[in-house]
Amino acid sequence: MMGTILPVLASLLLFPGGLTVFLTGMAYEWMNRKLLARFQTRVGPRWFQPLADVIKLLAKEEVVPEDVHPGLFTALPVVALAGCLTAALYVPLWGVGPLYNFPGDLIVTLFLLSLLTLCLGIAGANTFDRFSLVGATRAFTQLFSYEAPFLLALLGPAFVAGSWQIDEIMASGAARWVILTQPIGFIVAVIGLIGKLELPPFDAPEAETEIVAGSLTEYSGRGLALFHMGKIIELVLGITLIAALYLGGLYSPLDFLIKTIALLIVIVILEALFARLRIDQSVGLWWRYGTLLVLLQWLGTIFWKGVAI
Amino acid sequence: MKFGTLLQDLARSAVHNPITEKYPFEVRATPARLRGRLNWDAENCIGCGLCVKDCPSQAIELIVIDKKTKQFQLFYHLNRCTFCAQCVYSCRQECLSLSRDEWELAALNQEDFHIQYEREVDEVPCVAATDPAEA
Amino acid sequence: MEKTEHKKGFTIPIGPQHPALKEPGHFRITVDGEIVTDVDVRLGYAHRGIEKAAEARSWVQNLYLFERVCGICSHIHAMAYCLGVERLAGVEAPPRAQAIRVLVAELERIHSHLLWLGVAAHEAGFDTLFMYSWRDRETIMDVLERFSGNRVNYSANILGGVKYDLDDEFVQFMCEGLDYLETRSEYYLEVVTTDAMFLQRTQNIGVMTRSQAELLGTVGPTARASNVHRDIRYEAPYSAYKQFPISIVLDQRGDLEARFVVRIKELFESYRLIRRILEELPEGDLAARMPRKIAEGETVSRVEAPRGELFYFIKSNGSDTPERVRVRTPTICNMMSVVKLAIGHQLADVPMILAGIDPCFSCNDRMFRVHLDQSVYANVGPLKG
């Protein structure tokens, strides 16, 4: 009995799940911040800064504001982080293949990743802080706008592979890089990920110059740390997913590093390059261009499949 | 209408070293006119008190002990000084100057900000004439 | 302003402590969803009693007090004060001193406009432009530091003239800096007029027509972006601007983009003027002798600060301290335009519109009485871009 539980526990808690996910998240957050700093001719944080931030936040007192539902206030960050950690089990992190798989795990993973935004929105709506409320409204608005094109974009490779299971899609996509056949889907997926992570230029839900920190304005200490961890894990998972589905799969740690870091650099360049979009502008962008283009590509793919058969 | 007009600059900055100065580790040369700590050359001071009168922040106190033997005490309150150089400009005898090198002036104690300048005068005045003034 | 009636909607307080405003000002923004329906402004959090303090200080000491009214435009405050006091005393600063004063004022304008460009870009979430423009602003800060020994409060003025002279080494250093900044400014002009994502946030946002700009009493680049010919350097040249005239920079459109364009184009005008001053720099003394007691009388001194018209009223009773000094900074003139322009816009545009006037809160916080004539404001009508 022990013999079977220990490796499972180790893989869940140490590698590739649990601790490794945390550390990878911090490493990628550091890379994100450092690269952005260098693009802006700044020095940027030192390598241990993400870890130091989390430790500091965990050590800080958590202030629970009045008039909030205290249970919800404490539970939401936990749920958000748990969602991200669960999603990590189905994603080929570090190129060692997903820890678990079942038919349809792609859909489950995508919804688990959306859990974070959902929790963020509810967390904002839970408090009576006006910045949080506006942030929550914007977070939900953005969720409803990017989710459809992002989902459609990630389902494109799945559709071609004829499977909803991540490792099967990866295996079928290995022969040909899907980015070459579905470039629009790739672009929409990358931009969708930026929207999902609320990074600039889609950071209207937490626009510092308007609504302080959006939904998380009232969070301090542990709750903020957990949300933050959730976000950086989602960054890694999102990049990994896109790399796995569009960039010919991830089969070794080296493969993983090269492809994900290349994607990260693209994301950082986009972050540095654009001014923040207003919430109405980003909704317009997603529905008017993102969704339509992806749907067009879907039509093309369906047509191509029909011809091929 | 263009997208990503800053791309060219991003590429340049990516290969360029950050321009941030790592201050306590690298200290840049100060410009010649830098206005740092006030120094008093007691030798020429005639005790007119114009510096005290014009100082906008009352950072200078001049105590005249004996005008004939040129015995003055100058109290300089560093924490009040705004480094405007009005005293230097007002001084007709050119005995005040703002240091170019002493500009890292933070201190932990109040006492460190109160600087007392005094001309070293020996008992016999004729010896004092050859003594360099302490600044 | 008294607002007793119950307002519908959701009020978002911005300030006095808020990441969007680095200075203390309080805005109550009533929104309906994301649309702003009402804006109320409260100022006075940083009232420092400078005008009263001036009455207890000598004419010379006040020079440094007024230099500290504004951290960014320190020189222009001292210059306005000096020009007023010199006029009262009947002393005229030597031509070389006048030219150097104007030169430093233009350097300060460059520094202020580049700083503003960064702040406005930051409000739009365009942090890369913010970092770049502040990096380039360091060039001008170094020039000012080399000239006067200080980066912010240059203290270049003295009653009756200036303290520092230009030497060849400095002139060369400054010209190199200006050449670099000129290429950068051209680049920034291209960025703010062509970057599609940035234009989305500036084009047709906060549009103020010429008549509205005049009615709201806006000054400086904010007014000039609405095609109002209002520039003291041009209308009533003072100091060396008589000898070195400036051409006024105007824009027809009146939106946020126009405010960007006007300010960046003013940079080119400043570069040109500085080069011209260097070419024709008059020889002579740096300062005229000033009496310690200023003759009785009163005067008004108007200069063009980077943000607009700066107004000093100085009254002397013949002693060595002023009887009354009244300061009106440009921000207070422009503040009402924010209140009017923001209505009807998205909440996300409010920080941009506010940044568009280049506000400087602690400068404008001083006692004044407003005689509200509601009929005047009723004529402004709804402003919507």
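Note that the chains are named A, B and C in the order they appear, and that numbering of residues resets to 1 at the start of each chain.
Here, a contact is a pair of C-beta atoms (placed from the backbone, for glycine too) under 8 Å apart; a residue touches a chain by one contact, two chains touch by 3 or more.
Source: prediction; values computed, not measured.
Centroid distances from subunit B, each centroid being the mean of CA atoms, peak for A.
Measuring from the average of all protein CA coordinates, the nearest chain centre is that of C.
Subunit A and subunit B, compared by their mean Cα positions, are separated by 55 Å.
If each chain is reduced to the centroid of its CA atoms, subunit B and subunit C end up 30 Å from each other.
Mean C-alpha positions place subunit A and subunit C at a centre distance of 44 Å. Looking at subunit A, one finds that residues 39-42, 272-274 touch two or more other chains. Residues of subunit C found to touch two or more other chains are 128-129, 132, 135, 195, 197.
Counting partners per residue, subunit B has 3-4, 6, 10, 19 as the residues that reach two or more other chains.
Subunit A contributes residues 37-44, 269, 272-274 to its touches with subunit B in the complex.
Residue ranges of subunit C in contact with subunit B, taken from their complex: 57-58, 60-65, 67-68, 128-129, 132, 135, 138, 145-150, 153, 155, 158, 163-164, 187, 190-191, 194-197, 199.
By the touch rule above, subunit B contacts subunit A in their complex via residues 3-4, 6-7, 10, 13-14, 16, 18-20, 22. Subunit B meets subunit C in the complex at residues 1-6, 9-10, 19, 31-35, 53-57, 82-86, 89-90, 98. Listed in rising order, the residues of subunit C touching subunit A in the complex are 10-13, 18-20, 31, 33-34, 121-129, 131-132, 135, 195, 197-198, 200-201, 346-351.
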